């Protein structure tokens, strides 16, 4: 495609996923952002809120409805869950839609309602939606016009676990996913709990046994296993801006060895540009992926026989959100999947 | 006892545990620090290295051997493991000794050698040493003159787990201890891996399946259970200075409920000044204990039946090191256990 | 006085200055907190908002008006500026009042109105108010029942500058105060600009030439100089929770040398428990005063003749707010000034 | 030029400036890194030290002398000052050399010796060296084969000040430069003072009146003014990894207004791709330039007539080091100056 030939709209451009999408699209030669919405900031230039985006030739912020979504090639939904579905339900078909909210991730509307506390209002579109964990669903993503972009925790959990469940190398239970996230995952809403003075120099778990990403993780793992999988998932808030580390405790199926897990993951991800299986017993760090679309995975033998520990790290705003969204856009448009996503990690 | 009547020596006063001990002893009316060693800094005043300790009337730093350890009431060992045992072996009996290194924690010298890669050189003293997790070993601590002060991770793990194993409420396997620590736990050695630019804005696991605190944890839990217990223990380095959070995944014994765990921990710690069992399903944060000798514990039901999740937080430099050491000193001297340890947490 | 004999009320107990006051009062043997207000949280125990204050025997939060302020010995005002004056205006005389807001700091009501954008509504009480920079106004503080507790920046600026202006050692112009503050100084209000993801890993100046603390600084310096003093004051927001560092650039009066500044400050603060003049050319750090009521001051010669640079550090929540408030309370009640304020700094 | 046609060697590739150069060169289509030295790590792949650089096709680390520097197109010197000059002195002429150390920045060898405490050992090459503050010295940079890449503080100070001195809008004295830097500026050496537990949650000034960047700043400003300029320069260490903010206090020449400064800077930098003069009285933040080669400048009127305050921010590792080095390389090779330097800032 020619330069700037893909016209793009972003719904909710002033949250952290929106603004990260703008950073990445800046490096994408075909992308041209023609509309960006932000209800509270409509009428303002983006640099009034994010000075680091000055001089990028971005359009003025508008309200949803101020430009014709139907005329675009691609629409990214960066709105909070519960609001995207209304916009998408009313949108004309045509544009490729990639929704970063949770609205279209759960296939079962009843499960959506139980998990998010409200009935789904776009059930017709839900039926078409493809869960866009790119490496695990390329064919379906290519074929759809509505991708439900995965959550950050579910991405970190499924990339190491799904191939192992598919290959029958690990037991379906127990699977313990102990995940740690930087604070940008909580979004840009002004909440006391996200203040610097509350977050820095401290650590806590939250949503223990109840976090909304659990059904999403289980949906993916069950599909991989071909049978219902239930997991123990505990998220933690870490005093850093970006990054997720999942430490995953599994039991091996009889006969399987930790080295088999290593081999299977290497085989599965050998040709992937963004998923890297590190050498056996490596120690991936979130700082090794900061600002990049990479996922690093390591396998460790347990101290007890028949156990293994998986480590996976991503940047929650890139592979866990906007980067994967762009990766999906590339796939949906037939562009090389890495276009605009080749940034080297920023360290230190 | 009268003011300043307890004469104290600190071996290795310029590491983080030494300097934290000085902070706490400042609030202890009976304590009088009469000797402090620091081989590299001998001859200097402590404020040359730690300006925040100026004006406290502390003695000049010396080398080990420059003052008579035998004449002291109490000696705190804040040296790296492997060096304390030589000093203590050669010391005359008399002073109460509280060693914060790992040298006297493992009862089995063969296990010590396997774990720390060198033969134990003070096996005679090892036989007398009491493992000083205060709340679990008061009588023995009162009766000894050599306390092996527990490690920071083992303290965080044993306080919630030991009573439950003793009461037979949880299975001996699997026990998964996913622990997260601030960077002061790595000590004050000048290492690239501890630089601000390497640590901040990032997260990683380390010592997966191999950390030296694992045998120490298992020794304590096995004693509580009355049978050998083996655990999965994974430490992580978090970009903050102080604090440890342990997220512990357990399976319930048949018939036991999460509420039984809550009740047993409440019963066990009801009268403890420093261990607090929070309301069922609470979310303790390391920032709630920063600078204090507290341990906060919470019990959560698992999402799956028959499981539970325990959360425990301490300040690694206080209850995980110098605070517990002082608590043990109080106990050994017959002083009220909370003397010098009543600081309220510093937040924010 | 006997233990717990001073009855205390705190207006606005759930902001950072309120909660810091509670930490300090915990170490004060005479203090007994009998009332704490927090409009939004009335009816809740303080540990519902600040778990680290659990178990301290503190009263339930109420609304202003729910207890009799007139019956108390001491009232601390920790409300935002503009709201305290209404409460204090309507209060019966009797209790000692220490107001941590800006409401009573500026002697000239017209200047208050220009600076804070609203007319002063308690001008009668303003006339009695004493500006409570303890070391500079002890006699007046002892004699009043209303102390206007100084701002954090003005405290850091005046402690080094006022004695030098009084002694005629420095020129009245130019005086450049480049100040850097941790984020707790912005309070606990939920604002996007105070989010961890906005504040950490970055730095900026704000209020350049317009910050409201400027008239307060100038009022104090003018009084010290005996003539109007106008200063250049630039505050900056630093990604840390606590601490202020002021770097102050002055020109020497003809004949004066940097060593004269050092000598004058040493003379002036020789017997002060909380203000320490470090050796000539020292480098004080905010981490050396964290959690303590200390102010450290250092004098440096300029690179150019006739110039000097002053450095001063405090913990903005202690000497810059709640600690100085408690120091003032002690003075007003005739208690030893250091009561409850002898905490050693927390480092690391 | 064709892809990968510029052969590049990096001396000292494992310090923070070396590793940042590798990040930027990854985005440069013509660049091909063919040699990287690191004495301590010779024989290792770069990903053994920096896992985030895995998979980039970089050569194995070697010692200086293990490959033929003379055959390269470009050599970047990322060694500590005092060591580069020996390598460069012995190098055959031919390659373009860009030295990021301080070795060739000061034109006067006597001043070098006074400042760095050792005689200059490559005085012949010093004579050819061009001080590479790109925006101020393009013609000379294009014409030389040895660029002395400016220090991070001097870059931040000279970009706003030099045009104003040249235009005669500000007085030569006093000029106060109060600068604040992230900790990556201290390099990757393992020092206690750079440990996370020492740096985070704190702030201090250092090198007050004596920092080695002062003569470098004065050399540039004197050249701009056409007369000797002496400045007051105070650096501070801020608990963040990247970024420098300089707050600069100047007096206006008679008749000049703050708006004239704004106009002159706008005029001077109108067409610059990396230097942006923000609207009058803006508040640039280091987080707005993180990871980018940008310099943002703002002008504020002083509170006192005849004064102004300049704010300038850069990323110390990009425009303050490796980015400017790459910018200079582009210029020396006749490539578009922005090649490889178009990264959008990473926020949050």
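As written, the chains take the letters A, B, C and D, and residue 1 is the first residue of each chain.
Convention: contacts are C-beta pairs under 8 Å (C-beta built on N, C-alpha and C of every residue); 3 or more make two chains touch, one makes a residue touch a chain.
These numbers come from a predicted model, not from an experiment.
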{"item": "More contacts between chains, B-C or A-C", "value": "B-C"}
{"item": "Whole-Å separation of chain centres (CA-atom averages), chain A against chain B", "value": "39"}
{"item": "Distance from the mean Cα position of chain C to that of chain A, given in whole angstrom", "value": "45"}
{"item": "Interchain centroid distance [CA atoms averaged], chain B/chain C, Å", "value": "36"}
{"item": "Per-residue multi-chain contacts in chain A, two or more chains", "value": "16, 184, 197-198, 200-201, 239-242, 284-285, 287, 290, 348"}
{"item": "Overall pattern in which the protein chains touch one another (line/ring/star/complete/other)", "value": "complete"}
{"item": "Touching residues on chain D, where the partner in the complex is chain B", "value": "16, 182-184, 188, 190-192, 194-201, 239-241"}
{"item": "Chain D-facing residues of chain A, complex", "value": "16, 19, 22-23, 26-27, 50-56, 184, 200-201, 241-242, 276, 278, 282, 284-285, 287-292, 296, 317, 342-348"}
{"item": "Complex contact set, residues of chain B against chain A", "value": "173-174, 176, 178, 180, 182, 197-198, 200-206, 208-210, 214, 230-234, 236, 238-243, 245, 247, 249, 251, 281, 283-287, 290, 300-304, 307, 309, 311, 313, 348"}
